[in-house]
Structures are given as structure tokens and as C-alpha cells.
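What follows is a set of structures to go through.
Next come two complexes built around chain A: one with chain B, the other with chain C.
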Partner chain A sequence: MSSTTNPSTQHTSTIGAIGAPSRRNTELALLVFAVVIPVFAYANVGLALDGQVPAGLLSYGLGLGLLAGVGHLAVRKFAPYADPLLLPLATLLNGLGLVAIWRLDQSELLQSIQQAGTAAPRQLMYTAMGIALFIGVLIFLKDHRVLQRYTYISMVGALFLLLLPLVPGLGKNIYGAKIWIQVGSFSIQPGEFAKIVLAIFFAGYLMVKRDALALASRRFMGLYLPRGRDLGPILVVWMVSILILVFETDLGTSLLFFGMFVIMLYVATERTSWIVFGLLMSAVGAVGVASFEPHIQQRVDAWLDPMREYTLSREGVLGHSEQAMQALWAFGSGGTLGTGWGQGHSELIRFAANSDFILATFGEELGLAGVMALLLLYALIVERGVRTALAARDPFGKLLAIGLSGAFALQVFVVAGGVMGLIPLTGMTMPFLAYGGSSVIANWALIGILLRISDTARRPAPAPAANPDAEMTQVVRP
Partner chain B sequence: MNKPLRRIAIFCGLLILTLLIRDNWLQYVQADELRTDEHNRRVAIERYASPRGDIIVGGEPITGHTTTKGDFKYKRTYKDGAMWAPVTGFVSQAFGANQLESIEDGILTGNDDRLFFRNTLDMLTGKNKEGGNVVTTLNAAAQKAAYEGLKKQGGKGSVVAIEPSTGKILALASFPSYDPSTIAGDGASDAEAWKKLQKKNNPNDPMLNRALREVYPPGSTFKVLTAAAALENGLYEDADQKTETPLPWTMPGTTTELKNEGDLPCKDASLREALRVSCNTVFGKIGSDLGNDKMLEMAKKFGFTEEQFTPVRSSASVFSEDMAPSEVALSSIGQFNTAATPLQMAMVSAAVANNGTLMKPYMVDELQAPSLDTVEKTDPEEMSRPMSAKNAQILQSMMETVVEKGTGTNARIPGVTVGGKTGTAQHGVDNSENPYAWFISYAKNSDGSSPVAVAVVIEDENAVRDDISGGGLAAPIAKSVMEAVVKGKQ
Partner chain C sequence: MSELTLTVMRLGFLAVLWLFVIVAVQVIRSDLFGTRVTQRGSRRDAGRQQQAARQAPPQQRQQTGGGRRGRNTPTKLVVTEGTLTGTTVALQGQTITLGRAHDSTIVLDDDYASSRHARIYPDRDGQWIVEDLGSTNGTYLDRTRLTTPTPISLGAPIRIGKTVIELRK
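Take a look at the complex of A and B:
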């Protein structure tokens, strides 16, 4: 009896995915839905606004279908065992985002203040660039462990990206947050890319240092306290996030990076004490900075009393914005089932209605049901990411996957929570939904890396070399 | 490494769960509060998203709509806006709504629950939502006569006409008035017009609905009510019985004589004669003889001391409690604290004309669905019976004498029986300000039923003091209003 056909040999591995089907056809079937649903939504917007199917329906449907199809073929060819859900989920969110952006493009109010008008075609172009990068990742990143080599280059790269918005002449201040740079006619949010590069650095660094961080500790009040010198890296990351908070005045970006680091540190060391430290340090940092940074303080005030902020803005007091209250009204007016596509008035949010605040449009037009569905789509992406981390066989892959999906979850929480008035508003955008090139491109790259890790994890182990003793070691069953 | 991974997965799940809970809080628990928040512009957008239903007088709409730019799609327009403003009120994209436009907003916008089924049907068949109509009881000819009369006269004033047998309001005019069309939008010109109409910028206060919301001392017109109280309480039995009234008459508890306007034959005058020449002494004494309680009881039966809902709210007319006898005497001739809205005095006249039965005044006859089906119909409703039919008829004959050969001759209409009473009410410190000229009246068909009762009040700052008397300024307007109604019936 040959060992390769022996069922008991296959079951001795801890990886359940061995011999599992590639699931590429499942992915294709899901992708059809992920393309058809936004196409219907697009038609729906046109019918609601003008009473006719929009002229661009065919080209839009073909464009999205083509992009999804090319993505699928690339996965089939270069990562055949990758997770079947991630690509359809990202395509669906991206497609729905495009529909919402196009819908807001039709608003005369937003056109008149140059907040919308031609955003949808641009976003389609960004999507194409994002999927190109996604395919690039699949083609050129044959094995994610290669990234491990670039640990310290990644650190330098991430710091460079994070500091770019502070370079005079390049950085751009949009509504108080300095997280943008201007290159030609394009605004780029380097933080979105830094998120990925930083995850690579953390994964590489922690993989090497995890034993030292985990084992060398003293026990104190039931917690394992790290040694002083091991505190160094976490202090450095903390300082950097505080600096981001102070100089770029963006709570979200700062929280995202620090949160990602704490999550990865915890996974690497399995020490709860790091979580406690992380929470303490972020609380100290946030409260400390908020006490002297007026911009952060104002965001907190606006969160505590959005109606007062609205009134101040209406009275023409500079530096106040009615967005937060308008977003809450949009959600409330949507109610359980929403007004239906194209029939809401989320354009009243005015600035950033199609980027930071795009969730409010979904809230108003698709209602509670729609927003819950969207949040569950995000939850599914995170879940697939965590599952990839669980399935990954190498610590670097595990750390990178959990870092990326943890950051993704944090970003969704910080943005959606901000728009829904759960936490203070920050200047970040909903992944895939919101208008913005950096966000779309970076998140497609993120999905690409996750697919690569899951492909490696789920790929059947190469057949073991023929073992002459196979017959001998076989477990005999009664 | 897998144990912390699973914990992180739970943590991420909690993050999403928190968002889901927050979303439920926002879009389910708080949804209604947020959706209907007055600052939420969607409330206004919704209101102006579909053409508003019309307010209808005599089968013809007195309102309309036009499309506007921006997110408010439709704007209200008014035909003869200034004339109808006391009836319609206004609805403005920038300044909200009042009076009928506000009270019947649900029907006019189509949001009323009673239109729910129809709206749902429209939604399914893809029809746009429409507003229903408000059909009023008003009479266009009477309203025009009232408003033109006030306008020609030029002073501030008001006219109310009621159909006595039903309580239908036929005319409701106030002058000076304003055209609600000028403030219906939310543009700069609307804001400018709005600012100019505010009382602090315009002492004439054109937005005040004088017919319902202003109380004036009713002066001698109140004597009709005092006469009714005398008859009902059995103080005097009929119109021609001599009263026991000395001349001069000193008010009880004081050394002050109550004066008549000039040298009038008021000594022991009969009720008919006293009403014809408007004796203060006779009616002042009746008031103090009957006492505060009986006078107040009679005033309440006619609707004093309570707000009326037509459905537009009117101010409460005043007759005080706990007054000294001399104060009751003054109150009984419509002075001292006594004050009445023009609607109230029209109700007094209407109750007399309707043989002692007071009908509840109303101006909305019917609410219609957009399909013109009736949603709600107002039925005439008896409000009270201040006096017996016999006493009412005695009072009618007295009031008819006033018009035939008394102070109200200006209201005579050939071929029609008219009863009325003039009034000239003093006001201001030491009566320094110009008096109000009052006239209340009714017209009567040959069968004894009455098609219309009217109250007119005019405050004229420009007129010479002596010229102001109900008969001179107010009676001609009342006459033209009654004529308009009577002619319309023929």
C-alpha cells in the first residue's frame, strides 16, 4: 500500500486543510454575486433619481466584472489554495462603495461645493490600480516569508511614510488632520500604506524577539512584568504614535498603529500583561495629548455634544463642523429599512460625505439592516484573516496575518464608531467603501497578502519522500 | 500561538458587536427622535417635497404652489394672500407654518395617518405623494366685502361673520394684513419680507390675526348680552316694560355718576329704548342689580373666558370675577376689564339671531384626501343655549329697532330685516387713546331664520374722536358683508 493513498498518513497532520479542495469554484460563484449585487444597486440608484436605468450601467457592470474576473484568474493561477471568501467580500464592498460614491456624485449640493461630481470614475480607476497591485502581490510574492528579510527596511519605510505628511510643502492639512500629502493633483494618505509596511516590521521583529519578551519576566500581582530593557520597543512605538497624535493630530491613525502593535505583541508573547500595559499607555497618551492639543480636544467635545457643535457651526464660529450631527441625523432618518438607494439626503453632511462619512449614506438609504449587513461583511473579512492566521504554519505568517486583520478590524471600528458617534471622529476612511485612492489601493494589497498567506497555509503539504519504512510505522487498527 | 489568536478573534468580534449595538441604538431606538428633530433639514425637505394640498373656499382653491430651486422642491403660493391670511396663516420654507396651514399640516402634506393606506398604495404603484385639501366654510364674497371695507376705511380693524344656524365662519378679515406668498420661500427676499413684518419693525403688526387673537373692550355692543341677562333672569319681562332707572344714576358704593353719551332720554327707559339710544345708565344698573355672578354666568354661556378652537385658536374673551358693584356696572356696558375678540362678539350676535342657541364656530368644513374623498367632515355642534327662544326674539326685535331708527341706521338693507348694535369703546389711560368703533349685527330672512351675523371693530388713529362711532365707521362694512351673504343665497 502506498503511503500517499493511505488515509491515516494524511490525518496525522495538525493542519486540517491538507488535501482540501481549492475552493476556486466557490470563489467564482460568490464573485458573481459580488458583482451582480452592486450592479442592481447601481440600477436602483438611477431608477430612484431619474426614473431610468443609468446609461453607464453596462460599462460599470462590465468594468467591475472584468476587474473581479481578472482578480479571480490571478488567484486561480498564483494562489490556488487561497481563502475563497476574501476576494468576493472585498469586491462586494468595493462595488457597493462605487455605487454610493456615484450616487453622491449626482447631488447638486455636493457638486456645487466640489465635494463630488466625478468621484465615481476616479474611484473605478483607483479600484483598477488596487486590483493591479493585488495581482502584483500574488505574482511577485511567491512566499510571504520573503518579507521577513525586509524587517528593518520596513521599519525605516514605515517611519518615512508616517512622517511624510509633516514635510513642509508636501503635507496637507484637511479639516485639522495632517495625514495627507499632495503630489501633483493627487492627495495621498501615506498612513494607509504604512499600516501594511508596519505590520511586516512588527511581524519580523516580534518573531525574532518573542522568546526574550515572553520568558524573561518577573511575576508581580499575578502579572508577568517584562524586564525594563524589553520595554524599549513598546516605548518606541508608543512614542511614535504619540508623535503622530501631536503632529498629525489624528487620533485614529495613532490608535490604529499602537493597537496593532499591542495585538501582535500579545500574540507573539502570549502574555496578558502586554495588553494591560498597552491599554494603560494608550489611555495615558490619549488623555495626555487631548489635554493640551486643541484639535483633539475639540473632536472630543464634538463627540460629547454634537448638537452644540452643530449650533456653533451654524452660527459661523470657525473651526466647528456640523458633520457629526448631520451624520447622526442621516442614520436616524434611515431607520430600520432605510429610504432606499438615492432617496436619502446624506449630502447634507457636505464635506467628506463620500469618504470619511460614507457609512452615513448607507445608514440612511439602506437603514439598520443594510449597515448591519455591511458590518457583518467586514466581520467576515476579519474572521477570514484570523482563520488564515490560525492556519498559517509559520510564526511570521501568523503574526503578519493577525496584524493585518487586527488593524483592519480596528480601522473599521474607529471609523464606523466615529461616524456613528460611539467614539470621537477621526480622519480615516472605511476600507473599500470610501472614496480615496490610497485607501482602496492599500487595502487591495492587504487582501493580496492575506490571500498569499492563506494559500501557503492551505496548500497541501508536498508529498513526503517515499519512506521505505512506511509500512512498518503504520498504525494498526483493529 | 493559537490561544492568543483565538482571544484576538473574540476581541475583534466584540468590536464589531459594539458597532452593531450602537447601530441598533442609533437607527432603531433613537431613530424617530433623530428623524423628527426640528433641526434635521429632512423634516423641511419632506414637507416641501410634494405639492401641498390646497385650502378651498367656495369650491375654488385660494392657495397654490410653484417649484423652487434647491432641495425644497415646492413653494406655497396664495391668491389674494393678504385678504385670506387670517384664514390660511402661512407656510414658509424658512419660517415654518401657523394657523390653518400648521393645524392641518398632516392633511395638506399628505402625511396624516388617515392617508396612510392611500400613501402605501401610491408607493406601490409608483405615484408621487400628494397632499389632501382643506375645504373651508368661508364665503368668498363676504370675505371680499369685509376686507375691502376695512381697507377702504384704512384703520386697523377686523371683521368676523358667522352663519348663526350652523356656526360656520363666513368671513374672517383683519387689517392691515400681509401676503404670505412673500415669505413662503427661503430666499433673501423672503427673509427681508419676514423681518419687515415682525412687530418690532412694524408697529401695525400685520401678522396679528385680529379677528381671533386680539381682544378689545366691546363697549356698548356688550349691552346686548346685558339685556339678555336681564330677560333671562326675569329682571324685566319684555322689551317695552319701563325699567327702574333714575337719571342721573350714581353707581352703588361710589359717589360717581355713570354718564350717558350726551343728553339721552334714559330715565326709566324701556330696554328697547335704552338699546336704541345706547343708555349707559340703564344697562349699568341692570349689571349691578343682577350682580357679578349672574353677569359672569351669562357671559360664559356666550363663550367668554374660554379659548375657542375654530380649529385655529382664538384668545379668551374677558369678563372678570369678584368685582365691586360699580365695576360690574362698568363691565356690563363693555368697559372696565371686559374685553372680547371680534369672533366672540359675532358669536353673541349669532346666538341672538339663532333664537338663543349658540352654535360652535368653525371654519373647516371638510378634509379631503388627494382623491377628493372625504376624510373628515365637521358637523354643526351646539355649544350652549344662553337664552330661551322667546327672550331671543324679544332681543331681536330690540336690535332691529336699533337699525330701523336708532344708532345703527347705516346698516339698513332694503328688503331685509337687520338687527344690530353699535359700540364705541374707550381705552387708554383716562380714555386718552382713540376709541374702538364696534358694530354687531345679523340679517334675517322672511321666515325668521338668519343667514349671517357679523361683528366689526375698527381702531382708527387718524379719525377725529367725535366721528368714531360704531354706526358711522363699522356699520357700513357690516352692511356690505351681510349684503354679500344675502345676495349669494338668493
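Take a look at the complex of A and C:
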């Protein structure tokens, strides 16, 4: 804010992120804090369950600290002006998720019904892979504008990833939703990665088309109505998300992609009418599909009357689930301040207690106060993403940052809303908290891209070098 | 483990978690309350600057968020050379497009101009930026051909073909 705007120095004056401190030390301090909190929680679980500090405390703390430290050094080296908050926030959420998963591992009930008991070490491994990808993004993505070149390749790639679970033999139907693929002994959720690739496509596409979409419109009842032919892209995305809903029976993925497109369309064109259209179209689509797809219908019924669903399931009627009601009970038994780490009974949710329903564990053991803090941590990540978009100087970076943070926010909303009974439940994972390799890895990559954009945006502009070519091709005035 | 210890740990953990949130919010305080402008000059100078900012119209002050630009904000764009010489456009926070296309803010009648040649827009803290939109003959700020969006200082000539425009107070 203290540069010279002296006309005689001409273009060399730069405004904006001038002299902005890199804030890497702030990041380091917060990061230490963000590692200490999960370690505290870990000790807390051990003390509550066995009355002693768990044996793995040191290795677990060192492991998380090491990963965070390596991430921090990579940021220091490759993105020195990046946002100071994103890395600590993601580390804290990831660490708390690890603690909750480890805590559920200790439950004998869960150990008896599935391969649980080893989930926490695997999640730590996924976290390491996620941080490796995060560092890879920082090293190899020197400039996010490179991604702009791959606009249409991204489109093909995203469609490929989205349709992958439908390939016979590869796709896997887990409890009604076909969003997994099976490779060897791993099941991967391609949708998590498609989220990022799709954001790249939307950003590249909307950057080019936004003028046509924004300017050519008629005004009607206070809304700008777009021309018929400009409705093409939104209709195509809508169709694709309906297809996902019908064939993969996954409300979350479908909602996420359509919502992300509408958010980016709104940001690109500054036209409220797109949001109105988007909401109308998603309402029509969701109601339409729910009227004939039994899996979706059942989810909606469970949402409207979770108690009935619970009793049906207790009576042994197939295709019903007790989980929605159990999650609500978990939140209720947590109350305001929670039961304390390790003293809840959220393991009674059984299946998916450590993935889709992990928020119920937090709700029971940390109570309203803890869940509010978690939601604020998510809100801060989204806020930093939006802030990055505001600071970015190139339109592609703006749109990409808003798309990624919008997708992140939508995902949190869809999962948290589902578990809390605000919207019909859908099989998605809470970013960073929930157990699941694809989700953790993809979200670390997402944070990496956001850091890269914010580094470019906050980096002080270098003094523009005189370009000899430019001098030669200069237009000579008569 | 006694009940008391567990209760203390439970509440302690929540306190620590919230402390982190509060510290994180402190870090981004500037987002919420605006940037605190620190002047390189003396304190007295800084006081005077702030007074100047207070006298500036509220809308402008909000946009600039500091004293310095309150006085240096350009209010109009003036065409100084070319067929449109003398044309002025008031700057009110909108994006100004330049080119031969009919929907441009300033329609250039110039063989050297592309149909969508350049645009001039304010960034988030009110600084005006000029960006070349991939034109054939280029946009020049002073004598340098633009390759990236570049902040414009007051009075710096922006050249597009035969047309020269500049920002003025």
C-alpha cells in the first residue's frame, strides 16, 4: 500500500500486494498449533478409554508434525507468498479426523464387524500421499494459468472420471450408490478428483464465454433473461448431473457439480438470473428423478421421517438404515459441550461411522461447541479461497479459485446437512475429516492449487523487463 | 482416570480448539476490518493523511480503504489523441472495454485496433488495471507493450493504434 504512483516512474509502480509480507512465520506458528491440538485430542482419547496416555502418541504426533513440516517447507520454497492460513487449517482438520478415526478403531464393536481397527494407520498413509501430491502440485504447477491450456482436455477427463464407476466390472455399487471403482484392493472415488478437473474446465470455458453469457440478455421483471442459445451450456451440465443422479444414484455428486457450475457462472457473469435458473433446474431435476428412482426416494423418505426408517430397519425390512436416526441421537446426546473424547457411543452407527458419519462422532464427543468450531474451520478455508479469488489478477485464476472453494463449501454443506438431517443424506465424505483415501488426496491437491493461485496473486509484481520484440513491432504513428 | 480430570480435559480441548479459530481469525483481521495503512512518513503526516481520507466522499473512501489513494483516485478517462480526441468517460467502478466491436464502451475507429482490444477495470482495492485482450497490434502503456494486466498510474498514456487515452483526476 505504499508504492509510488508517481506518473514519471510510469508503469513500474505496482499496487496491490506490494511489499506484502510473505507471512510464512505466521503459517509456521499456526501449523505448530494445528499439530499440537490433535496430539492433545489423541492423549485425551487414550486417557478416557484406557486411563493412560496411548503408546502411539509420540509416533503419531511426530508423523503428523513431520508431514505438516514438509508441507510447510515446500510452501516456503515454492510458493513463498501463498496464503498463511490454508495449510494450518487443512492440517488441523486432517489431524482431528485421524484422531476420531483412531478413536473409532478402538471400539470392539467396530472391530468385530469390519476391517476397522486398522483405519487410522491407513488414513495416515493416505494423508502422506495427499501431502506428497500437495507438494507435487506446488513444485510442478509453476503457474496456474498453464491449466488454461487444458480446458477441453479437462472436460473429457472429468466426464471420463465421472462415468468410470458405470463401467461394468470396474464400477462398484456400495450400498446403493455407484461412485466407486475397484482397482486391485483399492476402491477409488473418481468423483473427488473429477471435482478439481471440472473446476479447471469450467474456469477455462467461462473465461472465454462470459461476455456472451453476461451481455446478451433481455431484462424481464428485474431479471436478465439470457438468450435461448446461451442456455446451452447450463442445460448440458444439468443433463450430465441428472444422468449421474439416475445412473449412479448419487445425489451428492450430482448436486456438487451442478452447484459448482452455477456458482462459477454467477461469478463469471455477475447475473443473478443464473442462480434463479440454477435453483429452479436443480429443484426440477431432483424432484423428477426422485419420483422414479427408488434409491433416491428411499433417501428422501429417510430424511422426512428418520424414526420410521429406524423402526423399519429394526424390524429387519431390507433396504432401510438406522444410521440417519442414530446420527441425530449422537448429536442429541452430545448436547452443548459434548461427552468428551472417547466417551460417546457413536460406534453404534457401525457402518460408515468413520467416513460419511464422522461428523456424528464429533457432534457427540465435542458437542455443539466443537462442531461449530469445526464448521468455522471449514468456513475459514472457504473464506481464504474466496479471498484468493478476489486477489487473483487473471480471470482464469479468479474463476478457478472460486470454483474450487465453492465445490469445497458445497461438499461440506451436503455432508453436514445430510448427517444433521437438514437435507436428504447422501454418500459423500467430509473433506479431510472422514476416512477415505480419494477424498483426502484430492482435497490436499485442491489446497495445493489454491495456494499456488494465492501465491501468484500476492507475489509482488517484478519490474517489467523491457521487451526488445515489443519495441520492434511498435506501431508507428503517422 | 478421575471424572474431574476428564471434565477439565474435555473443556480444555474445546477451549484450545476455539483459541485456534480465534487466532486464525486474528491473522485475517485485515480482511474483516480493512487494511491498516501504515505510512512511511512521520506520525503527524499519517494523521493528516487520515484527515484527508475522512473528507473524501464515503463511497470513494470505502473503495480505497486508505488515505493515499483518496486523493489520487482517477475519476475520468480521457482520449488525448486519435479520432476520438476529447472524449471522456467517467470512472464509476465499471469495466471499460476498448475495441472496434460495437458493444465496447469506447468504440475505436482505428485500423490498428482489434474488435476486442483491451479493457480497463478496477481491482478489489480500487486500483485501475489495463489488460490487453489478445489484440493483434498490442496495447502500450507508455512505450511498453502489455503482456499482463498492469496497474495504470495517473496520466500514463495508454496507446492503442492511433488512439491514446489516459486516466485523470
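Everything that follows uses one rule, which is that the second predicted complex is superposed on the first by the 446 of 478 C-alpha atoms of A that agree within 3 Å, B and C clash if a C-alpha of one lies under 4 Å from a C-alpha of the other, contacts with A are read in each partner's own complex, and residues count from 1 in each chain.
The rule is short, and it goes like this: a residue touches a chain if its C-beta (ideal position, glycine included) is under 8 Å from a C-beta of that chain, and two chains touch if they have at least 3 such contacts.
Not measured: the values here are computed from a predicted model.
Student: Just to be sure I read the superposition right, which of the two partners does A:44 touch: chain B = first, chain C = second, or both, or neither?
Tutor: It touches chain C, and chain B stays clear.
Student: Pick one for A:30: touches chain B only (first), chain C only (second), both, or neither.
Tutor: Touch partner of A:30: chain C, not chain B.
Student: Quick one: is A:329 in contact with chain B, with chain C, with both, or with neither? Answer first, second, both or neither.
Tutor: It touches chain B, and chain C stays clear.
Student: Given the touch rule stated above, what does A:368 touch, chain B (first), chain C (second), both, or neither?
Tutor: The first partner, chain B, only.
Student: For A:390, using the defined touch cut-off, is the partner it touches chain B, chain C, both, or neither? Pick first, second, both or neither.
Tutor: After superposition on chain A, A:390 lies in contact with both partners, chain B and chain C.
Student: Considering only touches as defined above, state whether A:340 meets chain B (first), chain C (second), both or neither.
Tutor: After superposition on chain A, A:340 lies in contact with chain C alone.
Student: Check the residue A:402 against both partner chains and state whether it touches chain B (first), chain C (second), both, or neither.
Tutor: Once the two structures are laid over each other on A, A:402 reaches chain B alone.
Student: Can you tell me whether chain B or chain C touches more residues on chain A?
Tutor: Touched residues of chain A are more numerous for C.
Student: Would you sort A:85 into first (chain B), second (chain C), both or neither based on which partner it touches?
Tutor: second
Student: Which partner chains sit in contact with A:215 here, chain B, chain C, both or neither? Use first/second/both/neither.
Tutor: It touches chain C, and chain B stays clear.
Student: Hey, what residues of chain A end up touching chain B and chain C alike?
Tutor: Shared contact residues on chain A: 367, 376, 383, 390.
Student: Which stretch or stretches of chain A touch chain B in the complex?
Tutor: Where chain A meets chain B, its residues are 109, 263, 266-268, 270, 307, 310, 325, 328-329, 331-336, 345, 348, 363, 367-368, 371-372, 375-376, 378-379, 382-383, 386, 389-390, 395, 398, 402, 405-406, 409-410, 412-413, 416-417, 420-422.
Student: Please give the residue numbers of chain B that touch chain A in the complex, ascending.
Tutor: 1-9, 11-13, 15-16, 18-20, 22-24, 26-28, 30-35, 37, 39-42, 45, 71
Student: Write out the stretch or stretches of chain A touching chain C in their complex.
Tutor: Residue positions touching the partner: 1-2, 5-7, 9-11, 13-16, 23, 26, 30, 33-34, 37, 40-41, 44, 47-48, 51, 84-85, 88-89, 92, 211, 215, 337-341, 343, 366-367, 369-370, 373, 376-377, 380, 383-384, 387, 390-391, 393-394, 464, 466-467, 470-471, 473-475, 477-478.
Student: Going by the contact rule set out above, which residues of chain C touch chain A in the complex?
Tutor: Residue list for chain C touching chain A: 1, 5-7, 9-14, 16-18, 20-21, 23-25, 27-28, 31, 35, 37-40, 66, 68-69, 72, 103, 112, 116, 123-125, 127, 129, 137-138, 140-145, 147-151, 153-156, 159, 161-162.
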